[in-house]
Amino acid sequence: MDRPRLLRRLQAVRAHSLALSEPLSAEDCALQSMPDASPVKWHLAHTSWFFETLVLAPNAAGYRAFNERFGFLFNSYYEALGPRHPRPQRGMLSRPALSEVLDYRRHVDAALCEFVEAGDEAALRSAAALIELGLQHEQQHQELIVTDVKHLLSLNPLQPAYLADDAARGAGVATAATPPLRWLGFDGALVDIGHQGDGFAFDNETPRHRVWLQPFELANRPVSCGDYMEFMADGGYRRPELWLSDGWAWVQANAATAPMYWRAEREGGPWTQFTLSGERPVAPAEPVCHVNLYEAAAYAQWAGARLPTEAEWEAAVAAQAPPPSATTAPKALADHLHPAPITDGPGLLQADSAVWQWTRSAYEPYPGFRPLAGAVGEYNGKFMVAQSVLRGGSCASPAGHVRASYRNFFPAAARWQFSGLRLARDGA
Amino acid sequence: MDRPRLLRRLQAVRAHSLALSEPLSAEDCALQSMPDASPVKWHLAHTSWFFETLVLAPNAAGYRAFNERFGFLFNSYYEALGPRHPRPQRGMLSRPALSEVLDYRRHVDAALCEFVEAGDEAALRSAAALIELGLQHEQQHQELIVTDVKHLLSLNPLQPAYLADDAARGAGVATAATPPLRWLGFDGALVDIGHQGDGFAFDNETPRHRVWLQPFELANRPVSCGDYMEFMADGGYRRPELWLSDGWAWVQANAATAPMYWRAEREGGPWTQFTLSGERPVAPAEPVCHVNLYEAAAYAQWAGARLPTEAEWEAAVAAQAPPPSATTAPKALADHLHPAPITDGPGLLQADSAVWQWTRSAYEPYPGFRPLAGAVGEYNGKFMVAQSVLRGGSCASPAGHVRASYRNFFPAAARWQFSGLRLARDGA
Amino acid sequence: MDRPRLLRRLQAVRAHSLALSEPLSAEDCALQSMPDASPVKWHLAHTSWFFETLVLAPNAAGYRAFNERFGFLFNSYYEALGPRHPRPQRGMLSRPALSEVLDYRRHVDAALCEFVEAGDEAALRSAAALIELGLQHEQQHQELIVTDVKHLLSLNPLQPAYLADDAARGAGVATAATPPLRWLGFDGALVDIGHQGDGFAFDNETPRHRVWLQPFELANRPVSCGDYMEFMADGGYRRPELWLSDGWAWVQANAATAPMYWRAEREGGPWTQFTLSGERPVAPAEPVCHVNLYEAAAYAQWAGARLPTEAEWEAAVAAQAPPPSATTAPKALADHLHPAPITDGPGLLQADSAVWQWTRSAYEPYPGFRPLAGAVGEYNGKFMVAQSVLRGGSCASPAGHVRASYRNFFPAAARWQFSGLRLARDGA
Amino acid sequence: MDRPRLLRRLQAVRAHSLALSEPLSAEDCALQSMPDASPVKWHLAHTSWFFETLVLAPNAAGYRAFNERFGFLFNSYYEALGPRHPRPQRGMLSRPALSEVLDYRRHVDAALCEFVEAGDEAALRSAAALIELGLQHEQQHQELIVTDVKHLLSLNPLQPAYLADDAARGAGVATAATPPLRWLGFDGALVDIGHQGDGFAFDNETPRHRVWLQPFELANRPVSCGDYMEFMADGGYRRPELWLSDGWAWVQANAATAPMYWRAEREGGPWTQFTLSGERPVAPAEPVCHVNLYEAAAYAQWAGARLPTEAEWEAAVAAQAPPPSATTAPKALADHLHPAPITDGPGLLQADSAVWQWTRSAYEPYPGFRPLAGAVGEYNGKFMVAQSVLRGGSCASPAGHVRASYRNFFPAAARWQFSGLRLARDGA
């Protein structure tokens, strides 16, 4: 057990959550914009509750809970850990104040650091997997902080920015050219997918198992906003033949005409989008983002292609050298604001750095899947129905969090995540 | 025009709004607990917008709006004053921050004071009625601040108090005796009701008009919590024959068993209630509060009585000497926390100081009713359907705000206001 | 007790219900078009259940219920008479078949006739009031049969007719001229309203009581379709200043642009209406019909007038000689199809023969109101909240059913009844 | 083209639809019990419309539509074939009458027979695939007639039977012993699944493709009612740890305690079930039926097992000799009433004769899937999201309709179909 290294990692991850909340006021952190989203304050408290309940209470000798009533408030969905505040009511909690939640974080951090630095060796060893799970869990909530804040601010007619854009970054975005779409071919084969090796993985990425793949092709880059505007201009949102049945019902019920956060002053007029740095014109060379599975599938249908399966996606990424996630460097807040424009290069572009990519795979257990033991057995397994898998990662994902075997999942209609798509088609 | 007196009144009323928000954090002030309620911050801004839009902009030479976009955010329901932010979304506004709303208030206050102190005489004269309306309007929102905060805090499992109770006030409440109910008799007569005299009244209190009243009797005091617990113990919430049809449907849909904010650990166990000073036992001598029209009517049915009409109520109050509202002294915050226990005395007890009293009168225009001219014509008239009138005033009402002709109104199912009842019955 | 006369009346009323169902198939009679409406079969059975339960079972010696389980199916809302099938599920009852319901009617009719012809004198005397109530009740359901069938057929894209129109009746309707609107003046006075005399009245029409009326004027005729089309052409449905607040919300939520059952192929194009004899052009000289209280109040606002109160309406009708209801002759089915065009004449035109007229009076108990004793105490009283009174009667009302003191009532948004309006205004 | 054989098959299939409606009245056939279900009359008309629109109109020279307006009424969901009556409003159609729908069937049948007997050879050849699709489609609706009628009748407090039970069939059912559950083992292998050979298959069963299977075991028989009652007695519906997250939410929202149509007079009392032959005691040896995916998955979790994937199920069935569907004989109406009790034997018991079996596979396109050309391309493909696959067949399925590659699909919460489960587990 490399205690100093674990300590540094723990401090870095926990600090990034605070950094994300730094541009926000206590008021910004208290509101819940919809039942699917949570207040930033809740994310900050819940991730601390996770460490407190699953790591400190059972393992750290003498740990005293910060506030016994926080378990009820900050348990998300763990039936094994007792009753909890209803999810849609998370935005009713003006108390505890953000300042008290920050005290809570400091209390938990102090105990965690103490435990990692000086705790009993056997206890630490036995807690190691849950500490790592807690860190990965915190990183997932970091991404949710970004997406949930974006949704909240988008509802404000003042259109406030989370963070002002770096002028240098913005320069040229609107006019950058999108590199041409190229198809990368893959042979039919019996391949292994799922997590391998020693690193961390969530239980839903396991066990590694064999899958037969037919020959297929995968696009070298995500679908861009420019591509997507062609689909829109060609009547994409008015042609039922392009849509799944539920998707067409969704279009009609929501009078949908464009990705989430897009807006046009007049019909056919220029499109702008609400971003974390405020309203700005849609940039054709950026990957299209905030589309749901219905929109992704309709676009693919229009383009004469299809969405990849998750096994195709993973096999294709694994064939890259080096694998994309190996190249990820730490991120500044400004890196989270929007997906970078697509720039040309070899191989799979923006595989895990720009937008999550919808697949045509339902979120099902892998053959031989076993949930983790204990309360964390509820982490992933119980959600494996009526959701679809997204692969890759997004600008909102924290540095170093994702990997080729990572399985993100949302219901087909969800689009407040940074979700886009990459085309696939059958091979020869 | 007595400028100094108007100035003092203006400052006093505006200051009371701030005083009400003083025990609250910015987070407390930002949340909206249900579509019927508004965030405290919104109340503070909306009342300022009212003065800005209706008094300053048209009358005060050189007035500059604090922020042109606030009209969209803080217009409540005035169609004539343009589009507005949807009411159920008022809790999505983390911006403007409370601090900015307080700046807004200061900006408006400065201009108002300047106008009142040194504005053009003719302009001031012409604005005088709207200034008074703005102050009365602000007082109405002061009451809403109290009721809305109570609702919000009640949803928090931590059961936070708005203000700690004064120990002296609490002493003896739980055990105080309720004075006996006495019936005051009134003869049949052709009476005049509605506002008279020079003082302020809302348009819905006018014109004063003639009404024929049959002989009736009115209870000397409101129904107490002790009375109401007898109704509950006698199966009040389980006997459909006591309820209006909509009321019984409401009981079943909500599994209602007690007034709002009441709670019992176990069935038949002792009742506690959530108050602005936290959870505490129900006090039998306090007027029952937070009941809706359905509950009020079912109680009256059970008691072999009925609710008064608004004309009966007003005629009875007018017959008192001195009229209740003449005796009201300025209130401290602590006076707003809960209705005072009923103590004995002559005449009508707690006519306008404890709880609003449901009447059996729908909220209809008086014969000859004319709304005010201009945008403020929307103040009352357009709500005159499917609501019922409450008379009196409550502990949450600001000092000096109510009067014998005052007509409060809510839909039959509403009960987050400080609403109770007083019994009536037909006379000989 | 005039047994032969009662028998004739009983047979005539019961026969009219059957006559109303005669043009309909068993399938037509089984469907429920919305929770507010009931299947015709249900109306036929429920009215029989009413006689069986309230007249025969307690009074007719040896009466045997047709089917013990029908009480559960055909009790409408009488809590005192036990549990019942949920109202919105009345259209789930393919059994009992219409033929069995007709058997049920014959069974009840036979027992009723036997009881009226040969029953014990004391028993008959004691049941007399309930027999009369049962007949009046059946007549109310006859009107509901007409309105509910119209609603059901209107939902069918085949636009089926309940009954073909008599060509003679239709001739000239489309081009008939509307007589000019004249104002009839009434002095302020202390008047008595409510039922008087020996005839039947529902409990809600009693007791007769004194009301003070200010001077007022009442239009000699209902608002016509031609009048209403002027309101529409003048932007009536697009001008919030004309509407009650709830009414404007209703307009927006329903994208309302015309009365119920009206349709135009293209915007601004000619209006047609669905009627019981099929689709046909809107006839300007017919009273406007199928408008709700919101529409009625908005029209009145636009016309610079107001709706009458129910006391004004009743006092004005009582002042007519002869009172309108005295002149009503038996109706053929064809008389129920649509309101007759307005033709000129002296006094109040079509006071109770064409459309129900919305008043600006909420449905409240009269001073001193006492519900009937027993289960029928639930007949009217428990609905006295959040509804508005309509006065008069409609083409759908059976002959001889209504009277000057009759109080019909519906929620403000309802418009599937034959509801129109008559203007009023303040007098000098 | 074997015209006589096709004619016989056509007549037999069409006749079976009528036979299914024979025990029902026109009223029974007109009602729609919920948006998911359709009136029997609608099924009878829609299946005729399918032949008329897709076979006769384009291929049969001189064919004249029965009624041009039926296309709007009886198109189910084909966007390519024009607008249509909303699905939840199918129960509003008292017209056309059942008798007219039967005329419609006769009209279509006559033209179809004429076309098959004497139509142009080339036209018949070109229409052959669509005729077969029309027949398979009609058979699917035959199963829906059975399930939808059961749902409708279940809502009737009179608990009517669709068909009286054959006493001989019923004898001994309640006491029959359930054969022991045995596990059949299957090795890991690269297998082919999907339709093969010349027979008919829906597009969603194609293309046949390769799948890697890990070793697995499959239960020899479905889960019985007796098994399921053990799960219930062990707190199955009260233990969140057994349920998918959506499933547990479903249990709570619906206060679910047993399969659909089960009822107990008192808690813990004996269970009865509503069946097509009326209410009767639950028979332990019958396969459990009318459970949804949530219940199936919770049961499997409780039993220490899991649900099979659809590939496992198909591979296991294909390994049987002879395959189950080869043994199916024509069914009498009485065969549709409820699943037969499980009786012992070798191999997979009741693979496709008793209840549909939920799998743990989402309904996704097979690799290389291509929808049919033309409007029938909407038949299956557009529903491939957020549904789960069921395999096998049920007592409600018509004779000879299902096959080993058949993919049925419903959302996870659906349970009005005859849906049960068969356990699986990982192999050695």
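All chains are identified by letter, namely A, B, C and D, in their written order; residue positions are counted from 1 within each chain.
Note that in this section a contact is a pair of C-beta atoms (placed from the backbone, for glycine too) under 8 Å apart; a residue touches a chain by one contact, two chains touch by 3 or more.
Here the structure is a predicted model, which means the values were calculated and not measured.
Set against the Cα centre of chain B, the chain with the most distant centre is D.
For the pair chain B and chain D, the distance between C-alpha centroids works out to 59 Å. Centroid to centroid, with C-alpha atoms defining each point, chain A and chain B lie 47 Å apart.
Centre-to-centre separation of chain A and chain D, using mean CA positions: 38 Å.
Within chain B, not a single residue touches two or more of the remaining chains. Contacting chain pairs in the structure are A-B, A-D, B-C, C-D.
By the touch criterion given at the top, residues 77, 79-80, 190, 209-212, 214, 240-241, 243-248, 293-294, 297, 309, 360-362, 364-365, 367-368, 378, 382-386, 388, 411-412, 426 of chain A touch chain D in their complex.
Partner chain B is touched in their complex by these residues of chain A: 25-31, 33, 69, 72-73, 85, 89, 91-98, 152-153, 155-158, 160.
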